[in-house]
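Order as written gives the chain letters A, B, C and D; numbering starts at 1 within each chain.
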Amino acid sequence: MGATFDLWKITKTTLFYALVVVIVVVSVFPFYYAILTSFKQGTDIFRITYWPVSFSLENYQSVLSQGSFPRNLLNSIFIASVTVILALFLAVTAAFALSRVRFRGRGFLLMVILGVSMFPQIAVLSGLFELIRALGIYNTPWALVFSYTIFTLPFTVWVLTTFMRDLPIEIEEAAIVDGASPWVIITKVFMPLMWPALVTTGLLAFIGAWNEFLFALTFTSSNDTRTVPVAIALLSGGSQYEIPWGIIMAASVIVTVPLVALVLIFQRKIVSGLTAGGVKG
Amino acid sequence: MATDVMATPVAATGGKIKSELMQQRVRAARWFLLPMLIALAVVAGWPLLRSIYFSFTDASLNNIDGAEWIGFGNYFRVQQLASGAVRYRGLLVDADWWNAVWNTLRFAATSVFFEAVLGMVVALVLNAEFKGRGIVRAAILIPWAIPTIVSAKMWSWMLNDQFGILNDLGLRLGLLSQKVAWTATAETAMQAVLVVDIWKTTPFMALLILAGLQMVPKDIYEAAEIDGVHPIKQFFRITLPLVRPALMVAIIFRLLDALRIFDLIYVLTPNSSATKTMSVLARENLFDFDKFAYGSAMSTLLFLIIAILTIVYIWLGKVRFDGGDR
Amino acid sequence: MKINKLLVGLMMSVTLVAGAAQAAELSIVSGDTGNGLAFLRSQLDKFEAETGNTVTVVPMPSSTSDQFGQYKLWLAAGNADIDVYQTDVIWAPQLADQFLDLTDAAKDVVGNHFPSIIESQTVDGKLVALPAFTDAPALFYRKDLLEKYNKEVPTTWAEMTATAQEIMDGERTAGNPEMYGFVFQGNAYEGLTCNALEWVKSFGGGQIVEADGTISINNPQAAAAIDMAATWIGTISPEGNLAYQEEESRGVWQLGNSVFMRNWPYAYALGNSDDSPVKGLFDVAPLPAGEGEGAGSAATLGGWNVAVSKYSPDPEEAIKLALFLSSPEVQKERAINQSNLPTIPSLYEDADVLAASPFMANWKAIFEQAVPRPSAPTKIKYNEVSSLFWSAVHSTLSGNGTAAENLEGLEADLADLKGDAW
Amino acid sequence: MASIELRNIRKAFGAVEVIKGVDLEVRKGEFMVFVGPSGCGKSTLLRLISGLEDITSGEMLFDGKVVNALAPSKRGIAMVFQSYALYPHMTVYENMAFGLTLEKGHAKEEIQQRVERAADMLQIRQYLDRLPKQLSGGQRQRVAIGRAITRDPKVFLFDEPLSNLDAALRVATRIEIAKLHESMDHVTMIYVTHDQVEAMTLADRICVLRDGLVEQVGTPMELYENPNSVFVAGFIGSPKMNFISGDKAKAYNAETVGIRGEHITIVPDGGKWSGTVIHTENLGADSYVYLEMGTEEPVVVRLDGANDYKSGDTVHIAPMEDKIHRFDGAGKPIR
């Protein structure tokens, strides 16, 4: 009995670690392969290898020298950051109203906000384009900040509303008795409690803005204003039909590394942020 | 809670006497909501209404301003042929459209289902205590951090029939008997798209479920352990019900995304009728074909379909979305 | 440096282009890539120096479908930020409304170009764009393998199929299990329209929609042509060919794993690059001919043009730029630097051009068989026509129905689409 | 210092009326306890007084002035919550000073002085730099009280402040609050609890609530001795008053008679009533004997010291006749 039990336990542990290994390999392998490819040159690219056989930074050099990739990186960082800050600012106040103040039509409003995320981006493209030109922000970073609101705002409002709903009511009431206005409650009491949640939603929105392609392509018309995903799409080989896999993979690695770093830095916060809903007094 | 009335958010409850506090809060709420609503109205409302309007006109991209109202013609109309035969035209009887609807629904249902299940498995693994958990947690987030357009390209590279590594791997491990052209044939194209999408978004799902798992008090499991409840029963009786709210919200956002899926398919299998989704078809009509109004009608119908599905989902899943009273 | 250039430009504009408007700031949008972009820039620098205008290049993704969508959107919204567009040969009828008529401006130079190309860019008597370069595919074949198996360069598809099969079998027995006979562009996209049009035309099966607008695709020769192509899949061509675009075919070919390939001239230069396993082992020939009445070799006409937006704030200077980019000087440079086929017949005999790109001599013959896609008669509906066509062909290649069945359906769909008139 | 007057106060949440017309006067400097079972509306009433919840109809006066719509912060109140409701990200000092920093016109030194004074009163001065999570439950509750004191309120509101504490701490903190009331006798205090022991020990006057209505208001002894209804009689006092109906009650000309356990003696024989012992509890100083004698609930007899009755014993008991409460069919006392 004891022996079989041990055997079962060992099998269980082995199976568990096998599962862990499978999960990690499946998650990381494509990225690993992209890195591998990015070190290859010429016809080597079409040959399959599992381990690095050649090591050449040429692809990276050509990415960073072709077009204005470093500039595009900066654009992406700027646009994604501003978008996130703006969305968080608008969403925090709106989430307070939606989660803590009861008024007629609150559920309807939340539904409308969700509805905005239901419309295909393709369909608003032309309307947004006209609007952006009318506002005179075409081909500026603001055009992208402006248009990204369409998907960052509903998301941040919803998630922050969920988080704020879970904050204990008595803390707010204590603040009311202390004479805090709604603005003070948000900034002095709720925000410090919610910052893990803010980091999480901010990161999610940041990745959304960072990865966006369609708007970025449509609303910019010069190399200096474009963002990284567009820049990757613009990467090209020597001639029309040639797809520069090596360079694209190099660019992809360059674009992904900051995000992976960001996720690594914040991963604890991401998890705790989502669990910190019930702040205990 | 030992309070005798469920604590309610301090707020106007329709009382006749509007207290200063309620007034202040309602006023503040108004000011807080205003900027967001203006932003959304401008950035989404206006283009959206225009799209809906265009779906009732004969607009073309060459002639947007001269669009004329034609009612429901883009959706459905009856055409009398010279021979006297009657034909039904419009989006509602367009086989391509319904094929795209079917593709989209199939894609959304399958991908969200697998993402939920696999996300649950990954979350359960990450919720267990073991060495190197931090690294594993970081590793599973990588797919989620890679831009879609990049991961689509990465995978189309790996799925390539001749120099794709997946075929090579499959052959080496004896899983495949010959190289498969994953994105080429109708049977495998959808599977390929699904694999990539599931790979990419499972981490997101896992993360949200993990968050829910971590809120489950440990002593519940200890109690169940002592009571000798079988682990599988534990999962269905304890874990699942407690994780349910987080899961439901995660599924909502994934579902919305999946129903609008565009970029992945556009890069991976742009013209395969086996994977063409509503968004891809709408784009084709809006820009590639000179059918701006027809494409707008598709967008509008897509919006309606998503809205109905979401409402049904919220209703069936009893998802609390109006803020509740706690 | 910049100021210097500006100064030079200003001087020029005063001295050379006396009386002309002040120096304009132009922008040209281009889906050109890598070297192509660099080349464009070098030519624009010359233009700037000559005219004193400044020209900015707005690069676009190389996917033509992405480009087309963007351009349509921009033009529909009256975007004045772009003056000059680089356009695919098939776009002229679809974007004609938004471009300026260049008939007057180009009346002195149109005669220099191949008339068929000028014709393809003329919509309802309006010259929509000026040709910058042309393109036509060819049959790439492995000299060494044909020699080894003692075969002639095939002139008909049947010959090619037989040769491909034999060499493929031979090479596989000899130890290369990856060997195939023929690769082409079989993905469901515009490239398949080009490929299939060549098969159909080479069998004497017409051009899908004829110049007068009649739908001709449902005929036995066309069906025979497509049925023949369907037999390749899984025999001399890999299953995956159904997903191949230009680069995938080139990948297989350039690794030395195919006897024949249908591709554009760009693959010639790349195939001869230093690290290419097939360097020096291949040559090109006109695509094979079909059988039956009216059969003959056919190559789909490709190529790029320059058009001027009617929303350009500075149309005169923009037209000058378009003229400049289609001029013999630039085309010659392009042929030498970029291996792009000129649209001006005399350049094919130019010693400098032939010295730099000797293969161009071969292409003149290919180009003479060039067949335009039916973009002119189908006008704004071309993209949809093409999409219906490639879908029908792709279905046949994938084994979903015979060519006859699919073409019958296609004919009905096209008639539907056509309505009273294109 | 403030007196509070409630005139026909009503509160409805949607269609559900929770407070159904309450008239009540809380005197200056008084310690008033709201007590009642779950759902009686006691917490709601407290929240109405605090201004966190607005009243549906009626009038509320502080020192004779109508405050129906006045914001909580302007009512001169401070509130101590069941869950302490400390700001988790602020130190104890910041928690206590928060209200004052929001009010205009307090110098830094003044705030510090007031915080320290309150901290001294509650002996939490050494914790001022700590975060709430570094404190024990009892310490947190003291901080919550200290936060209220710092604001120097006219009215002190407690919402079940002890229910999250364990038994020992509950007693200790109860004494603390009682001392606080003594030292701040100019401050009106309103205290909500469902525990009648807290009510009896702390209150100057108790207000018993039932189903959104005031059942009885009075000093603890008044309620104990002269309950206004069966409900109050049963709610106040421990162990619970014994109720006997039927023939035994008819003998007293009442529908129901009530007698407290401490007012029953066990007699060798010839007692008025008799019953079978079903359970005994020895608490050392006193003991309870539970008797089955045909009533709905067993009759409890409280004895001084220990006893040695066994289950199954039949005993005779005699109520103290002058301590018998007689009630009519409507549960009202017959006097």
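In this section, a contact is a pair of C-beta atoms (placed from the backbone, for glycine too) under 8 Å apart; a residue touches a chain by one contact, two chains touch by 3 or more.
All values derive from a computational prediction rather than experimental measurement.
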item	value
Any chain in contact with chain B as well as chain C	A
Interface with more contacting C-beta pairs, comparing A-B to B-D	A-B
Reference chain D; chain at largest CA-centroid distance	C
Inter-chain centre distance, chain A versus chain B - centres from mean C-alpha coordinates, in Å	16
Rounded Å distance, chain B centre to chain D centre (Cα mean)	53
Whole-Å gap separating chain A and chain C, where each centre is the average of the chain's CA atoms	39
Chain C-chain D separation of Cα centroids, rounded to whole Å	90
Residues within chain A bordering two or more other chains	46-47, 125-126, 170, 173, 176, 233
Sequence positions of chain C contacting 2 or more other chains	73, 76-77, 251, 255
Sites on chain D at which at least two other chains make contact	52, 72, 82
Which chain pairs touch, all of them	A-B, A-C, A-D, B-C, B-D
Residues of chain B that touch chain D when the two form their complex	2-5, 8, 10, 12-24
Contact set on chain B toward chain C in their complex	60-62, 64, 160-163, 179-186, 269-273, 283-284, 286-291
Partner chain D, residues of chain A touching it in the complex	168, 170-171, 173-180, 184, 188-189, 192-193, 279-281
List of chain C residues in touch with chain A within their complex	27, 29, 32-37, 56, 58-63, 66, 70, 73-74, 76-77, 79, 81-82, 245-247, 250-251, 254-255, 263-264, 266-267, 269-270, 273-277, 338-339
Touch list for chain D against partner chain A, complex	50, 52, 72-73, 77-79, 81-89, 98-99, 102-103, 132-133, 140, 147, 151
